[in-house]
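Across the two complexes that follow, chain A remains constant while its partner is chain B and subsequently chain C.
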Partner chain A sequence: MFHSLDHLLGSAYFTLFALASLLCGGGLLLSKHPINGAIYLIGVMLSLSGIYALLGSPFLGVIQVLVYAGAIMMLVVFVIMVLNQARDHRVPRFDGFSIVGAIFPIALAAMVVKTLAFADASTIDPAAVRGEIAPVAATMFDLTPAGPGYYLLFELIGVLLLVAVVAAVMLAKRHLDSPAAPAAPAEGDHAQH
Partner chain B sequence: MDILHWITSHPYQTAGLILPIAIPLILFQVLPLLVLLERRGAAFIQDRVGPSRAYIPLPGLRIRAFGMLYNATDLIKLLFKENFVPPFAYKSFYWLAPAIPVATGLLTPALLPWFSPILYQDGAGVSSLTGTLITTSSGLLLLFALGSLSVYGVVLGSWSSNSKFSLLGGMRASAMMISYEVSMGLSVLGLLLIVGSFNLTDIVEWQGHHTWGMFVQPIGFLLFLVSMFAECNRNPFDVAEGESEIVGGFHTEYAGVKFMMFMTGEYLHVLVASALLATLYAGGYELLPFPVPMLADTSGFVPFLTTVFRPESYLSLDTLWVKAHLGGVVAIMLGITAVLVFVFATLIAGRRRNYAQQDAQDRDMRLREYGIYCSAFTGLGVMLLLGAIACGLFMTTQPLVAAGTLSPQPIYPGWVNAVTAVLQFHIVIGKTLAFAWLFIWVRWTLPRFRYDQIMGLGWKVMLNIALVNLLITAIVAKAIGGGR
Partner chain C sequence: MHSIDPFHVQLLSALLFGLGLVVVLTRRNIFLVLMGVEVMLNAVNLSFVGFSQQLPGAQSLWGQLTPLFTIAIAAAEACVGLAMVICITRGKDTVDSDQFAEMKE
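Presenting the complex of A and B:
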């Protein structure tokens, strides 16, 4: 009884998350205001994390919420909020760059569809646990010489991020120290929509 | 009738179906108590009378219920206030923002363990009913993820209000919450390194085996406590709403039910933070700080430092001890509660004598009201005491299935499991309220920090201490525990 119920609920949740991510993705494409786009992107990330969890990777889903929706998009929204200009600044939906930008997602989608169309569905075990903490840790920190060596990449990315942070601090500091810093622009009109 | 038959023959499965509805409502039940505690605590610390005006009028009597009625008056006032939306607001996010803190605050109880896993015989095998709704090995991470999502309520609310005060308050609050999330995550890593699991039930069970987290990681505990104050936007970190500078901060433009939802979210976060502190550092549902009584039995002992965790459905020594001596434990707990109730009744009686000497206008009314409280609490205390005696004399527990036959641990009958679960739930709530009282105590004692002091403390002091604490913990853990 419970097995079939789980199955039914799993399908329902998958449909829900997939529809939500598609809707949010469409909204992201069609939104004119930057903060609308940011919120739609958060919606896409949240529904994708739900799909990850359904596919036996709860850890990846949680990390998706924690890192992407919680931290990175937070910074994006924060910057949009701080930029006074963004309040009433609406960009056109599509411009010349959109054509170039559309090629890559369409190509990627074609590849995914082709792969899925020729895949053997019977080899996929939906109940298998993939992105859980223990397997991820075992793969990532496999220190044996024959191992994949992901830990080296992990450390390298950490160093890269550190360098980026130091560079950002240096750039910001140079801007602060310059004597002829322009006065802060007057607070813009708190506009009426 | 089929359903009734199924319910009576599958009590644990029925409990598993009821709990998902009951547990998210737990915090809503404790919320009025917290608001009352805040009001009375503020009055107590500031030497005021406190909430005493709202009352239920009865003939010749006014029942004020210690200020509890203020929750009802607040609710009525906020529900019937004009639903005013500023014309300059960005409508969609203005409506969405107050819901976010409430939603995240209501989701978090699903991740916290409210009682120890219950083992029960399921056919020929053994199943377990966990005290969390969402049992995942990344439970703490999910909790932090929900906490980081709740910042969006502040950000969107302040931005969409389209007002200077809101934006300034929102920027202050969100920058502070983002900053303190770093030291919050780093301070808890030391404990996770020792316990070896992100699963909150595992963390509590580990504490039931050894000792509470606050004794293992005292520095991490203090850092986590301070970070939690900042995450909840509570004094001394409440720069989000400086009345002298930015009016109400991010909720300046909010009124009525939407304002109420922001406030509900704030108090829910205080409760969640207190429950998390209780779970991570004060043993959660475990009764004793050091499970000494069971140390003689080392059959199921878990090493202090381990990365390979014990098998599923494994109860801590503390829980086993509580289940084996349930009658005595319940008797002692009820006895302590009875003593507290008697102390409270004595305080009320003293207040009543004070009123009797005064020559106030409504003296008789107050004397009658306090007389009712006095007799009610004395009666409650007597009942608790009788219950304690009855439990101590007659409640004896025998395992249904002895240890080692079906599972390595004994399986107890249903009523023992139920009583233990209720007891452990009250232990969690008690510890949570104790930490919530700490929040209130600090709020009404310390002045507000300046904004640069907050940022300096977060980035220059706490982050460094947390990193050094983590480093030392890692070195000691490696030196003592060895392992992988």
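Presenting the complex of A and C:
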């Protein structure tokens, strides 16, 4: 009896999170101001993190909340607020091309769903590992030669993030040859005298 | 314990990917275009997690590790993308993507 109750609750939670993510996605599509769209996007990410936890990847759900809904969306909201002078209310939400542009994604999703519906019925493996911190860390930092070698990717991601930070600073600076702080050249002049 | 039909997970993933692509193709505000890309990335992550649960034993972790790298790449993408938005918005004072058409001529 408890098993069937668990079954029912899992399906109910999944339906709830799926509907929430789809509704927030629709809100993102129809939002007037980008700040509203950012809030709806955070709703999509939070409901997806709930689905990850239901599917047996709790660590991924936590990372989704921390990095995606926390760090990345904070950056997006910050830049939207910095550029608020750029009067985005003049931008129309949709134009004539939008109707044509909406056809192709709908056709793509319909084709994917049709392919999945006619594929062999798949089931979730009961022996699948629940992705908690210990097994995830043991797989990612498996240093044996026969291992999957994810630690190399981990190091490369670190280099990539460093390069992205440097590129972002270079792009967002007003002039490439301007000093980092106004006081810096005065000190240089003083040292030359 | 597992009561979720994998087909429903993939269905949700396909619907979210289509929704994100609609946002990218139809909205003209440049921030909404970037957010549509984020929705598409999230949909693919969900597809990874859904398929990984169908693999046996230790292999089921591999599909759960790939979204971790995807999230890190998405962080780098958002960082550089928003810097580019600041860079091109400075000259034009608009966030309408139709105004950035200098490469056409």
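Here is the rule we use: the second predicted complex is superposed on the first by the 127 of 193 C-alpha atoms of A that agree within 3 Å, B and C clash if a C-alpha of one lies under 4 Å from a C-alpha of the other, contacts with A are read in each partner's own complex, and residues count from 1 in each chain.
Quick note on the criterion: contacts are C-beta pairs under 8 Å (C-beta built on N, C-alpha and C of every residue); 3 or more make two chains touch, one makes a residue touch a chain.
No experiment lies behind these values; they were computed from the predicted model shown.
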(message) Under the stated touch criterion, which partner chain does A:71 make contact with: chain B (first), chain C (second), both, or neither?
(response) both
(request) Report for A:82: first if it touches chain B alone, second if chain C alone, otherwise both or neither. (result) both
(request) Decide which partner touches more residues of chain A, taking chain B and chain C as the two options. (result) C
(message) Applying the document's definition of touch, where does A:98 land relative to chain B and chain C: first, second, both, or neither?
(response) second
(message) A:63 in the overlay: touching chain B, chain C, both, or neither? Say first, second, both or neither.
(response) both
(request) Determine, under the contact definition given at the top, whether A:161 touches first (chain B), second (chain C), both, or neither. (result) second
(message) Once chain A of both complexes is superposed, is A:38 in touch with chain B (first), chain C (second), both, or neither?
(response) second
(request) Kindly classify A:132 by the partners it touches after superposition: chain B alone (first), chain C alone (second), both, or neither? (result) first
(request) Applying the touch criterion given at the start, work out whether A:29 contacts chain B, chain C, both or neither, answering first, second, both or neither. (result) second
(message) Let me test your reading of the model: by the given contact rule, A:152 touches which partner, first (chain B), second (chain C), both or neither?
(response) neither
(message) Going by the contact definition given at the top, which residues of chain A touch chain B in one complex and chain C in the other?
(response) 59, 63, 71, 75, 82, 87
(message) Using the touch definition from the top, list the residues of chain A that touch chain B in their complex.
(response) 35, 39, 42, 58-59, 62-63, 65-66, 69-71, 74-75, 77-78, 81-82, 87, 132-134, 187, 190-193
(request) Could you pull out which chain B residues touch chain A in their complex? (result) 87-88, 90, 93, 136-138, 141-142, 144-146, 148-149, 151-152, 155-156, 158-159, 162-164, 167, 170-171, 174-175, 178, 181, 198
(message) Help me check something: in the complex, which residues belonging to chain C touch chain A?
(response) 1-4, 6-12, 14-23, 25-29, 31-32, 34-36, 38-39, 42, 45-46, 49-50, 52-58, 60-62, 64-65, 67-69, 71-80, 82-87, 89-90, 93-96, 98
(request) Using the touch definition up top, name the residues of chain A that touch chain C in the complex. (result) 6-11, 14, 18, 21-22, 25-26, 28-29, 31, 34, 37-38, 41, 44-45, 48, 51-52, 54-57, 59-60, 63-64, 67-68, 71-72, 75-76, 79-80, 82-83, 85-88, 90-95, 97-98, 101-102, 104-106, 108-109, 112-113, 116-117, 121-129, 131, 135-136, 139-140, 148, 150, 153, 157, 160-161, 163-165, 167-169, 171-172, 174
